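Look at the two complexes coming up: subunit A is in both, with subunit B in one and subunit C in the other.
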Partner chain A sequence: MNWPQLLVTVLTLGSIFGVVTLSLNLQYARGGMINFGIVAYFAVGAYTYAIFTQPPPQGLDQYKFGFGWPWWTAVIVAGLAALVFAAVTGWPTLRLRGEYLALTTFAFAEVFHSLLLNERRIGNGTVGLARVERPFGDWGPIEEKYVFAGAAALLLVATLLVFRRLLVSPYGRALDAIRDDETAALAAGKPAQKMRRQVFLISAVPVGFAGAVYAMFTTLAQPSLFTAEVTFIVWIALVLGGERSVYGVVLGTAGLVFFEEIVRAWPFETVRSAQIAASVEHVVTGLVFIAVLRYQPFQAAATRLKVSK
Partner chain B sequence: MLLLQFFVSGVATGCFLILATIGFSLTRRVEGFLNIAHAELLGVSAFTTWWLNSHHGWHVLAAAVAAIAFTALVGLGIARVVYDPIRHRGPAVLLITSTGVAFVIGGALHGLIGTGIRTLDIGLAHRYEAFGLRVTSHQLIVVGLAAAVSVSLALFLNRTRTGLAIRAMAVNPELAASRGVNLSATSRATWLLSSGLAGLAGVMLAVLATLTTDLAFAQILQILAVAILAGLGSLYAVILSGLLVGVAMDVSAYWIPAGYRPLVAFAVVIVVLLFRPAGLAGTRDA
Partner chain C sequence: MTLPGGAAALNGALLEARHISKRFSGLQAVGGSDGLSFGVDRGAFVGLIGPNGAGKSTTFDLMSGVQTSDTGSVFFNGHDITRSSPDTIAEQGIGRTFQTPRAFESLTVLQNVVAGATSPGESLRWAFGRSWRNHETEIVEAAQAILRRVGLHERAAARVSDLSGGELRMLEVARQLVRDPTVLLLDEPTAGVHPGLQERLAALLQDLHSGGMTLVVVEHNLHFLLALADHILVLADGALLAQGPPADIRADPAVISAYLGGGDAA
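For the complex of A and B:
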């Protein structure tokens, strides 16, 4: 097994998905919103980046738009697109709470997925957009993949810092108050509904950026990369790390990605054994998920730490 | 004429959706959470039927009965081992846990069965024609079963002791317990019933469609659409909303490509939720 390669991949993917998990954590642990369609915002970022960087359509291409913009403008547009998408989907759904919100966000993600799959004019339908631009070449003696992993990690750190700044501010305390006791917070003059909507919008932006970086990493924007499975994986990572704990969330994501990459990188002899390994990966992921939710070991550890301090 | 034909097949689709959703809604009503793994139980049943039928040469009816019983027991087992110990953590944790369960069942099915398409060893569907409209015998079976299940479920919940206990428990567990309802026995009955209904829907899935291991997961989307539309937890509204979603999906194929069917289902749901945030049967404070 090629360990350095594995570690670089884990760092890159872990950072990308870490950003998504952090945003989900902000929505769920602080805003009290269950977003079961987080993959759609991720996909919006990836497709926006691909569409804005690729050359105009030619030959067999079925997509209608390709702007050929420089990569950094496309990344910014990807974040904005996720914001707009959050505004559009948030408008009808955020009046709903709890499981209704979970189901409608899930529904929106599925609708978006089926749109990408069927509407060839957006991104070639099932084929997807290939050869998405990767901005960083080799950086002197440093190979491209290391530069790229560094860029992804930088995005993660930036997101972490911004979110942490936000949460220790008076704004963050108001959010906590709304989550803990909405009636009391309303009585204290905190606009609960409005602030929840703001959190929903703010947290969509980094997900859009992460989507753009993911499209660069895979050099591909294809519907099969953005299924409900991504949503579940991110949720599992969130639960694994322990909600409300920012560092736990990042560690949980890294651990999950590490586990998946090991299974993927394992040299299998036959197609059938690789197939079985893939399903075993599914089963184990599910079992870990169930066990963590039941015993909540990380949360218990965090409480113990706090008590002993 | 073609439009009418789509409408007829939409009714059949809707009846399948009723069968698939009613167990899901029953769980939501009595146990109080959304069991995402419900759709995977359809897969368990469908593949058990297939395995008994085409590997062991059982008659399809015998295979179906065995599969339904097996699925009911699997559902009960999962509830006892996984859901019961974390019930006090609330519906959100249960909902998220059930996606974990869906992963486990889905992965296990995939590992045991493998990729590829499979069909039951039964004859091709008989076709009937009336007034220029075509109906297959399989479609008629689905419609008949949906009607039979709806009626017998209503009778069961209104006339039998267990049925009344289930309804009492759904409304107020403590009060029901103080009036002599055995809660754990009632919960057991509910899980057997809802998983058995998933089993029945799974058999129909095996009859109607060619089986792949990711087929079951695809059903959860439509089940959710129907359940939200009906208002979570309401049972009679499932009949109406199942038909509505089924007809909307199939009739839409008249104008737009069939690949958009799930999209149509959710478009209906989103429009309805905009005007009635708690679904068709929902009350304002639900």
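For the complex of A and C:
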């Protein structure tokens, strides 16, 4: 097995999905909002990045827009697009609570997914947008994939720092108060509705960035990459990591990605054994989840990290 | 002051209910036949009494924006706050506690009181900066002073889940006091509070009253309330049965038959 390659992939994907899990954590653990459509915000980032960087359509291309902008402007636009998408989807849904919000966000994501599938002028339909380019080359002796992994990790760290800054402020305390007891928080002058809306919008921005980086990584923006499965994986990572700790969330995501990648990269001798492994993967995944939920190792590790700090 | 509704304005009232009512799926909780109207003067200490289910807590909900009145209006400082949200009403200076004490479980006792105050760092614009830290020290000091005042200073670092029911009540009072409200509505502050702490609470309320705070207190403990309040409102079936100074209320035959049950509580 190619360990360096595996670790680079885990670092890259772990960072990208870590950003999504962190944002979900902000929405859920601090804002009390259940978003089961998080993949849509991620997809908006990826597609926006692809559309703004790709060349204008030619030949057989069915997509209508390609702007050929520099990569970094497209990343910024991806974050803004996710913000706008959050504003549009949040406006009718955020009045709903708990499972109703979960259902509507899920429905929004499904509608968006089917829009991507069927509206060829935006994203080329099922084929997707395949003209995404990675912006970084080798940095002297450092290979491109390491540079890229570093950039993804940087996005994760930046997101972590910005969220932390927000959460240690009185703003974060007010969010905790609202989540703990909304009626009492209102009686203490906290504008619960407004703050929830803000959290929903703020947390969408890094998800848009992460979507852009994911599009760079896969050099593709395709509907099959943005199914509800992404939402579930990110939720599982959140639960694994322990919703109350940002470090646990990051560790949980990294652990989950590592597990998936190691199953994918295992050098099987025969096709038959690969088939067996593929079917066993689901069983093992289930067993690992049960074990992790029972013993919560990531959460414990995160707590130790916090204590020793 | 001219107000809709026809009847003369209650002169100088700081907080005023005019024909308010609330119906819950057929049950008239507040309002009676013509809606509930009363005024609370600036600096007054008003007691709100009445049998279980009379509509006392619902009246508080209507005045603090937790519920919206079906009819009529609520005025505070001359502004119509009938349809204002509870957080804006709180920001305007009406504080309240709840019959079942509420607390922020994930925060410590001190942090609960600190969270009661409105810090500049609670707005998104300031949260990322550093200037809110200057105010933070002030708020924490104010919170500590108030905890001392309600007798919870030794519990400052405790989790709220470790507090007794009576301590929780005092914590809720503290969380409102740190906001320095113009009017404070207290819903059964002595319920579940042991006698020693009740005396402390009585002294505190007297202190707040002489400091100029306007108080409206719902109580079943008439012994406690009639000794403190200077004006009593008696509610029965959502309507005002009687009002006046405590001495008159004690002697009012209608009140005695509807509520005091022979005056044993006084």
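Basically, the second predicted complex is superposed on the first by the 272 of 309 C-alpha atoms of A that agree within 3 Å, B and C clash if a C-alpha of one lies under 4 Å from a C-alpha of the other, contacts with A are read in each partner's own complex, and residues count from 1 in each chain.
Simple rule for what comes next: a contact is a pair of C-beta atoms (placed from the backbone, for glycine too) under 8 Å apart; a residue touches a chain by one contact, two chains touch by 3 or more.
The structure presented is a predicted model; accordingly, all values stated were derived computationally and were not measured.
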Contacts of A:E260 with subunit B and subunit C, given as first, second, both or neither: neither
Contacts of A:P92 with subunit B and subunit C, given as first, second, both or neither: first
Greater residue coverage of subunit A in the superposed arrangement, subunit B or subunit C: B
Subunit B versus subunit C as contact partner of A:A185, first or second or both or neither: second
Contact residues common to both interfaces of subunit A (with subunit B and with subunit C): none
Subunit C contact footprint on subunit A (complex, rising order): 162, 165-166, 169-174, 176-177, 179-181, 183-193, 198, 202
Touching residues on subunit A, where the partner in the complex is subunit B: 34, 92, 95-96, 98-100, 102-104, 106-108, 110-111, 114-115, 117-118, 232, 235-236, 239, 272, 275-276, 278-283, 285-290, 293-294
Contact footprint of subunit A on subunit B as seen in their complex: 33-34, 82, 85-86, 89, 91-93, 95-97, 99-104, 106-111, 114-115, 221, 224-225, 228, 232, 257, 259-260, 262-263, 266-267, 269-270, 273-274, 277-278
Partner subunit A, residues of subunit C touching it in the complex: 64-66, 85-88, 90-91, 95-96, 98, 102-107, 111, 114-124, 126-128, 132, 136, 172, 175-176, 179
